[in-house]
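There are two complexes below, and they share subunit A, which is joined by subunit B in the first and by subunit C in the second.
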Partner chain A sequence: MKASHRFRMWRSALRKRKVNRSKAGSFVMFTFLIVCAAFTALPLIYTVVTAFKPLDELWLFPPSLVTVNNPTVKNFIDMFVLMADSTVPFSRYIFNTVFITFAGMLLHVIFATMCAYPLAKKQFPGKNLFFGLVTLALMFNTYVTSMPNYLTMANLGWVDTYLAVIIPAIGAPIGLYLMRQFMEQIPDAVLEAARVDGSSEWQTFWRVVIPQVKPAWLTIMIFSFNGLWNLQQSNYIYSEELKTLPFALGQIANGGIARAGVSAAVTMLLLSVPVLFFVATQSNIIETMNSSGIKE
Partner chain B sequence: MKNKKRTLAQQNERAGLLYSLPFIIGFVCFTLFPVIQSFLLSFHTVSASANGMVMRFESWGNYHRLLFENASYVRDLLLPSLKELAINFPCILIFSFFIAVMLNHQFRGRTFFRVIFFLPVVVSSGVILLVQDNQLQTNMLSGITGSASGGGGISQFTDTVTDLLEDFAVGEWLITFVTSAVDRIYDIVTSSGIQILIYLAGLQTISPSLYEASSIEGATGWENFWKITFPMISPMILVNAVYTIVDIMGGLNNNLVKQIYNTSFVIGDYGYGSAMGWIYFLIIGLVLLLFLGVASRMVYYEDR
Partner chain C sequence: MKSNTNMRLGKPSLFKQIAKNYSCYLFMLPFAVVFILFTVVPVITAIGFSFTDFNVLEKPEWVGWHNYRQLFTGDDLFLDALKNTLVIAAIVGPAGYIMSFVFAWCINDLPPFFRAVLTLMFYAPTLSNIYAIWKIIFSSDDYGIMNSYLLDWGIIDIPIKWLQDSDFILPVVVIILLWSSLGTSFLSFIAGLQSVDRTLYEAAAVDGIHNRFQELWYITLPSMKPQLMFGAIMSISTSFGVGDAITAVLGFPSPSYAAHTMAHHIQDYGFTRFQMGYACAIAVILFVIMVSTNQIIQRMLKNVGK
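This part shows the complex of A and B:
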């Protein structure tokens, strides 16, 4: 009785202190966040504003950054008209990008996670050598390797197929690197407990490891989604029917100076999907954050 | 029955190989193999002809040309990008960490801010590339980043500040310092997106029970930060350090990378371009190894 009373007193004291602190603290915090956010949001705000500008306002100098006098949706209408004009039906481009993005992302996340698990928690020969190679491979930019990669694709007969884009995305080293570092943090005790309780290797992986590193694989998903969605043109694809949405929209946007408004509309359309994906995944991360597995 | 006879270690070994195999195959074919291939190509002169690709062995020729004959490679490309790394690397690491800690607090509009700080990642990989041929749009966007003579945005801001400082008749060095500082802040804020994300993911795997326990023992927020948050996040600091180095050195707006691209694909001298890439790679690799050697000793893992 007495103990619980004291506990309640302590809780309320704690809560009070938190409120006091957060009043001064959150003012500073918000100011700082807003200043920094202004830097990153400006290009996007500008793009959005430009997308709604009529032609005559596009030519103002200096351009107005955050305001538009007579907002119009003409740019969007023009965009759809241009889309309808394309030789390959536009839905085909959309399908290509959606297919490449989701297939590449899912396979990458699954294989990278499966590979990261033993690299973090098991012993097998060549493990450290392999991880060392992955770390070093992070530093290679795609330009240096694109020519040999093309030769590989040509030898496999994959040039001008979806495979040429999707399969290399699976082996991207950054996802594995991230995943392994996160799994390293899972206490061995949890895995041992699962084993003692009779779970098979696959069950341990699927039911214990995967939920523990949910923030990690959601992060990799964002990573991979973003990269694949924005894939504009690939060295390995020539047929018009296999080209991606950003490529097709890029063609529309690059139709000369008069299409500045349209190109802003295009940009907005393309950006909105990864941003929505990010919002969706982020809210998922927040939900699961308090469900970590171990009580010491 | 056979399965039962294996020792635990053997089982682990088998499972380990089995789980990693798909990725290892993909990695070897599409990352490791091209890397080795490009190393070999860097000793050749590569040219395209009617019969396909012609390779002529050059031995160290490409490297010799780069390091001793073409003075601008080291002076104008290599050294500036190393200098850039030395300044931006610590700034990005620290900045993104504090932003992530802030964004991990419970407050209204948190998702909104998270999205905003993630935006540069989406923007840099998509739009800028998309509109690179569109002169007007490029001018507008680069005007914002202050890198070209476009109008508006940050560059307008820096122009105003420059004018103001000139009115006060302060020294030239102060003006350049202020304007370059603003440019740098922009650089740092916009290249922190992924790092913030990784830190956030790391922060969310910290068990709340640790904080509960320490509050019961009477620890302050400051102590919580340094004694719980910081050690628990230290593996992620390492990850971010590696990612930041890779990102700065390999990013598309790095002049050296642009030069590698130009040499390899515009001029078509792929061997020479590979050699450029490899010298660069060896230097970053060295930086990274040194850093990892020092830093991994300081990282805290729960099990060790």
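This part shows the complex of A and C:
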């Protein structure tokens, strides 16, 4: 009797897609989510709308948040015109940001993946100490290290060069940490099989490990990408011709409401790249973050 | 350079072990060099410089605890920066962490398509440096969005100087930081929630767990402990290290230093006045605060469900 009752509950529990979910509760939760998502998204939607507003609509009172009557692409053209008479052409800021981002991101992904491999799959002296330092480094940020790094850069002659931004980005601890945690899940048997087949460490890494950790390298790519793409101002860069797009955006945004349209156009340009990147890789990122946890 | 140097030398096999695993060190070499040079060594040198008077041009001069004493007894602006940093971290840190979890938890019940869309909407503010838009929202004239709506609805008569009036600056900063606080920890939580073993929930339903809150407390949270701990580290590091986001909205220094944080103070002394020793002392204090807060929280989270 008791056993059959238990069995029936099991069955009904399994039949429902999810257990313990009341309809009313789900409704309340969904409404709450929509309201909060609207709060987060509104500034973004407003940015996109403003980017297409003609000048006279910027002066509407009260401003329209989500609509535009006569959409125009003038702001996008103005953004180049506006910066044409500055010392550095606008396209230079775009080049700087793109170059710094891609160089730093690619080197970071390659070196962090290489470094993560022995940390995840080998036993050797110094391994725990090194990974301990990486985990500790997650606990503070670059403000702490900015001053000594300035001195290091000065000694290396890197101040006011691309290297000052690109090289430190290669050693970002978060990328190594996530990559190692993800790599740990590769079954040892797979690596063993490659070894038995006579492949060298490098071949094993290249042919077996790299394809297995695709979600993780997409993830650390977007993390590295974000840091570099959004870099507003570096303490190690003075020359106008080495400055980045977010820096130029800051300059435009200082122009007040009359520049709001152009400012929004640049913001939209800046935002669209990481958003597209994230949309394309979201499922891989979630898969990687699943292994992000700190194991005791 | 390599981290194996301080291993116990008594072990007879150590050198053999190192020699046998030489390929491991080769794999690690490029990353390790950069990481050690730009993250590990600077912490040690910052501690060293913090006890000196150093203006870059002349040789550093040993001054003992002078910089620290000066910070706490002779530098009111530092005390303001410390207070602002702690206030911001105390609000944005826990609130961002809890919001990240609650939103991730709500999203987790949705079908995959809506889950992906809402994840993007919540995470998008972290994806880009778009703080400039808040300058327009909180602009001080009638055309600022906040002001124009508040004026239109008759709540205020004259526009509020959100970004100039020191009474409003800190609350505005907190709102902006909360808006962008669903970061790495949020993604980690979403992933963690998806990986909780479904059969646990079904078994729990049989064993008398009747609503989603009991389920959350008895099953979900304990199974997600590793992600909760990682998320805490991410939230703490972000919330204590605010500086650039504030500068993007308010400029540097912020009006009447109302949103001056420790990061700004480091910037000010290190890169404007080139008082490296003094700036390093501030950096060391920030380091100690961040790492010790992290250690305390990690210890607390370890005890969840014990």
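One rule holds in what follows: the second predicted complex is superposed on the first by the 220 of 296 C-alpha atoms of A that agree within 3 Å, B and C clash if a C-alpha of one lies under 4 Å from a C-alpha of the other, contacts with A are read in each partner's own complex, and residues count from 1 in each chain.
The rule is short, and it goes like this: a residue touches a chain if its C-beta (ideal position, glycine included) is under 8 Å from a C-beta of that chain, and two chains touch if they have at least 3 such contacts.
All values reported here derive from a predicted model rather than from experimental measurement.
Judged by the touch definition given at the top, the superposed model places A:129 against subunit C, while subunit B stays out of reach. In the overlay built on the shared chain, the residue A:112 is in contact with subunit B and with subunit C. Of the two partner chains placed by the overlay, subunit B and subunit C both lie in contact with A:44. In the superposition on chain A, A:215 makes contact with subunit B only, not with subunit C.
With both structures placed on the common chain, the touch criterion links A:278 to subunit B and to subunit C.
By the touch criterion stated above, A:167 is placed in contact with subunit B and with subunit C alike. In the superposition on chain A, A:230 makes contact with both subunit B and subunit C. When the two complexes are superposed on chain A, the residues of subunit A that touch both subunit B and subunit C are 14, 21, 26, 29, 32-33, 36-37, 39-41, 43-44, 46-47, 50, 58, 61-63, 65, 111-112, 114-115, 117-119, 122-125, 127, 130, 133-134, 136-141, 143-149, 151-152, 167-168, 170-171, 173-174, 176, 201, 205, 223, 226, 229-230, 232, 246, 249-250, 253, 257, 260, 263-264, 267, 270-271, 274-275, 278-279, 282-283, 285-286, 288-290, 292, 294-296. Interface residues of subunit C facing subunit A in the complex, by the touch rule stated above, are 2-7, 14, 17-18, 21, 23-25, 27-28, 30-32, 34-43, 45-46, 49, 56, 103, 106-107, 109-110, 116, 118-130, 132-137, 139, 141-143, 145, 148-149, 151-152, 179, 182, 184, 187-188, 190-192, 194-195, 201-202, 204-206, 209-212, 214-215, 224-230, 233-234, 236-238, 240-241, 243-244, 247-248, 262-263, 266-267, 270-271, 276, 279-280, 283-284, 286-287, 290-291, 294-295, 298, 302.
Note for the complex: subunit A touches subunit B at residues 14, 21, 26, 29, 32-33, 36-37, 39-44, 46-47, 50, 58, 61-65, 111-112, 114-115, 117-119, 122-125, 127, 130, 133-141, 143-149, 151-152, 167-168, 170-174, 176-178, 181-182, 184-185, 187-188, 201, 205, 212-213, 215-216, 218-219, 222-223, 226-227, 229-230, 232, 246, 249-250, 253-254, 257, 259-260, 263-264, 266-267, 270-271, 274-275, 278-279, 282-283, 285-286, 288-290, 292, 294-296.
The part of subunit B that touches subunit A in the complex is made up of residues 9, 11-13, 15-17, 19-20, 22-24, 26-27, 29-35, 37-38, 41, 46, 99, 102-103, 105, 107, 111, 113-123, 125-127, 129-131, 133-137, 140-141, 143-145, 151-154, 156, 185-186, 189-190, 193-194, 197-198, 200-202, 204-209, 215, 221, 235-236, 238-239, 242-243, 245-246, 249-250, 257, 260-261, 264-265, 270, 273-274, 277-278, 281, 284-285, 288, 292, 301-303. Residues 6, 9-10, 13-14, 18-22, 25-26, 29-30, 32-33, 36-37, 39-41, 43-44, 46-47, 50, 58-59, 61-63, 65, 111-112, 114-115, 117-119, 122-127, 129-130, 133-134, 136-152, 154, 167-168, 170-171, 173-174, 176, 201-202, 205, 223, 226, 229-233, 235, 246, 249-250, 253, 256-257, 260, 263-264, 267, 270-271, 274-275, 278-279, 282-283, 285-290, 292-296 of subunit A touch subunit C in their complex.
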